[in-house]
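What follows is a pair of complexes built around chain A, which joins chain B in one and chain C in the other.
Up next is the complex of A and B:
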């Protein structure tokens, strides 16, 4: 039992950081705009496929290109689609569902639904941590995740752009009055969110494999963490990723792996009902 | 009025006189249905395309060209399966090649039974109860043929090599992992009930949702249970299981069915994740197979640029289907359903990758199931003796392992265009087509092997 608990804590921390990388951009975007952009997890899948294909030719150098290109794709997604419809949360919600499904269908066409693509980790090998075997690559992912989360936390407190990201969800009108360019901030956050998604795509895809349906579980995770953490709150995201990461590994390890998604969705549902602002954020709509 | 009557009479006479010629020249229609969005459906379509093209180029079947109707995409939904079947029926096809999975086929059985002018070839399903229909209500279900061995065979082809390895290496503890779908229910029960009677211990089991992406928690459970080997009955996530096993350096050999794992592209998609995986596949060690099958593999792999370029489960079943239908029609001299069915009941392919054939309603419990003679010597005859009590469901499904070039036997056949450093798919069971033996992956230390083999 003790071995299981150690396993849950260690893997919980690692998963939490990966989920954190994937979710923090999503949370900022939703917080800034007051809408849910469901297409973002699909760009995680796009990033993972970019890495799969590029790494065949240029090996590990595919990672920086994946990260930057996912950032650019998310920025374009904002400029082409979201900027036009951002005033209506319902339109954004439905439009981004359509975009995600279109992306999925295109990837199904080119890569089918049955094949799973994999790639070797950039850092191979495992280490044994308190009896728990952990891949070195996943540990690096975990460390990068936590650095990114706390780096963003620092940015939101000590830089103008970071303060603007926090200010806009509090009062969009007030932000405009004091001269914050909302389009510029939103573009930046989409680009930043894309960079983080691209990073998460490499680690997530490397662990679970890449296929044309791989975005559905991250959608559940990102949605639940954002709801639980509170829109646009970096502290909320950190707290919620830890909760969800550890809870997920605990359910899988101690109860039954089949209950993984059910438990996460139940957490999201309970928070929506009993604490709709999440741990530290703003309510949607 | 007289003139109109005269014209109609002449026209009628013309039609009556020319009808046989018209009928003889009309194409034979073969309908194709299955989940076309993925490798499953393509494993029906591609071999059918290649073989029909060849038959047509050689003058057709009984002088008639063969026309493909469809393919109709059934996705993975029973309702789409019904819709596709109805469309093919409306198109008056002579034969249906179906790549739908058992869950969907269950909803089609009554429709198949009610369509006695169509012969239905099931390429994917293996549920035993479907075939009891043929035995119990032969006249209703006589147009239904299953090219995949039924549950008993699916179980046997895992259990027999496991017993062989147990004898050779001392492995005793079995952990069962099966995906949560109809086709694994029967075999899962057999593992739980029959494997302990063969001297092996079933130390645990999991029924895994078909949308599972992370298999590592199940591997961990198997490790904790002290398993020496894992029996796998996977189709949808077999590939994820294989690469994750490689990723976490799983030290428990996996034996069984593993979906799309063993098509040609797996080595590239997984970047050489081979691991301790022994899985059913029909194109391993091609140097041991018949020239006919080997040539067909070469033709398939060079005809398409994208996967699937070699068969997963259904690809070989479809190959056998077209071959069996062509030969049955030629022997019968007609495409008339009853006559063709009678000839199909005389099909037997001792040199097919999955050895077997069909028999009729009076020769045993499993008419129209893919069966082999019980007498091991008779299995290799082209026309083994038929009769009640002489046959059983085929378990002669090859088990293979991906091995890197350095480890695989040098004689392993390479498909044209295969890069030299590409993996080799080596058949390790059954012995008559085995090209090599099970190999431990490099991450097994000598200590690991010693520990595993001396349990």
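Up next is the complex of A and C:
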């Protein structure tokens, strides 16, 4: 039993950091805009497929290209689509559902619906931590994740752009009055969110495999963490990502792997109903 | 006879005439009528109450699984299991969604209903419920409604009567309050009225029509599974239809359902599944992005311009 608990805590921390990388951009984007952009998890899938195809030719160099391309794709997504419709949260929601489904259909056409692509980790081998066998690649992912989360936390407190990211959700009008360029900040956050999604895509796809439906589970994870954490709150995301990461590993390890999604969804549902502002006390719209 | 009822009679006659003209495609037209009922009932609550309900399939799913369980496991005849399904679907769905829409609004309601159907579909699929729901295999075979003229005439009649009653509701005093509440909830509250009472009523009517459509659809399909009840793609399918047709008009939803089902049928013979979906979703996206009111109001507007 003690071994199981250690396993849950270690893997929970590692998964929490990966989910954190994937979610923090989503949370900032939703908090800034006051809408849910459902297409973002689909760009995680795009990033994973970019890595799958590029790594066949250029090996590990595919990772930085994947990260930068996903950032650029997310930025273009904002400039081409979201910027025009950002004032209406319902329109953004529906339009991004369509975008996500179109992306899924394109990948189904080119990569089939059932085949799962796997790729070797950039850092091979395992280490034994308190009796728990961990892949070195996953540990690096976990460390990068936590550095990114705390780096963003530092940025939001000690830089002007970071303060603007926090200020805009509090009052869009007030932010405009004091001279914050909302389009510029949103473009930056989309690009940053895209870089993080690209990073998350490599680790998530490497661990669970890449296929044309792989965006649906990250959507649930990203949404639940964002709701639980409170929109646009980095502290909330860190807390929620730990809760969801450890909970997911605990359910898979101690209860039943088949209940993984149900439990996470139930947590998201209950938080939305009973604590709609999340841990950080912020609410969309 | 009012102008509104005349319109619905004309729609009924046109749809019925199309079944005679295209009798070789009866099966497709029946599907279109089912989805027209679903899209219209979804649109009725979502468009006019201001609550974006992504969990309309809860009504259809509970109704469908209930009739299937009574018919398959308890050997109830279809004529008895269907009313039980409608009561369970409309009542159960309403009991779940009505308190929620009172407690939360805006995007939170949208996301709760979205997560709600994911939870329900996951629960139905878990092997713990396999003896009852059949998990991924579903409940099959159940008594079936055959593809026939009486079925499609009955469906079209039900669709037109429901559409007419929806419009009557929207034009009534209740509908006016609902419209005011959608635009300014505080104003309605200041007048001493409970806006949720009216939106709750709207939800119930939408649920009853959805549940009746649900039990008929399940028996027409001959099985109850997640794909034809609680699935997200099933929900998105009816939303796409309502959006393409025009979600603020009952005729728009019917037009959207027929347009999408007939287009899918045509594309199925020409291109594969993913391309077919890609084209439908792209049309949905373009319509929503460039003309959020939908195609039907555009077409009627164009007709008015041309005829004068």
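We take it that the second predicted complex is superposed on the first by the 284 of 285 C-alpha atoms of A that agree within 3 Å, B and C clash if a C-alpha of one lies under 4 Å from a C-alpha of the other, contacts with A are read in each partner's own complex, and residues count from 1 in each chain.
Heads up, the rule we're going with is that a residue touches a chain if its C-beta (ideal position, glycine included) is under 8 Å from a C-beta of that chain, and two chains touch if they have at least 3 such contacts.
Keep in mind that what you see is a predicted model, and the values were worked out from it rather than measured.
Visitor: With both structures lined up on chain A, is it a clash or a fit for chain B and chain C?
Guide: fit
Visitor: In the overlaid three-chain picture, which partner chain does A:127 touch, first (chain B) or second (chain C), both, or neither?
Guide: In the superposed model, A:127 contacts neither chain B nor chain C.
Visitor: Check the contacts made with chain A and report whether chain B or chain C touches more of its residues.
Guide: The partner with more contacted residues on chain A is C.
Visitor: A:93 contacts which: chain B (first), chain C (second), both, neither?
Guide: second
Visitor: Scan A:108 for contacts with chain B and chain C and give back first, second, both or neither.
Guide: Once the two structures are laid over each other on A, A:108 reaches both partners.
Visitor: Now for A:143: first (chain B), second (chain C), both, or neither, which partner does it touch?
Guide: Touch status of A:143: no partner.
Visitor: Answer with first, second, both or neither: which of chain B and chain C does A:258 touch in the superposed model?
Guide: both
Visitor: In the overlaid three-chain picture, which partner chain does A:76 touch, first (chain B) or second (chain C), both, or neither?
Guide: Neither: A:76 stays clear of chain B and chain C.
Visitor: Can A:58 be said to touch chain B (first), chain C (second), both, or neither?
Guide: neither
Visitor: Report the closest approach of chain B and chain C over their C-alpha atoms in the superposed model, as a whole number of Å.
Guide: Nearest C-alpha atoms of the two chains are 5 Å apart.
Visitor: From the superposed pair, tell me which chain A residues show up as contacts to chain B and also as contacts to chain C.
Guide: Looking at chain A, the two contact sets intersect at 108, 113, 258.
Visitor: Any idea which chain A residues touch chain C in the complex?
Guide: It comes out as residues 35-36, 81, 85, 89-91, 93-95, 97-99, 101-102, 104-106, 108-109, 113, 220, 223, 227, 258-259, 261-262, 265-266, 268-269, 272-273, 276, 283-285.
Visitor: Where on chain A does chain B make contact in their complex?
Guide: 7, 108, 112-121, 126, 133, 135, 207-209, 213-214, 217, 252-253, 257-258, 260
Visitor: Which bits of chain B are touching chain A when the two form their complex?
Guide: These residues of chain B touch chain A: 37-40, 42, 206, 208-209, 211-214, 217-218, 220, 236-237, 239-240, 243-244, 247-249, 259-260, 265, 269-271, 273, 307.
Visitor: Would you mind writing out the residues of chain C in touch with chain A in their complex?
Guide: 52, 100, 103-104, 106-108, 110-112, 115-116, 118-119, 122-123, 126-127, 236, 239-240, 243, 272-275, 277-278, 281-282, 284-285, 288-289, 292
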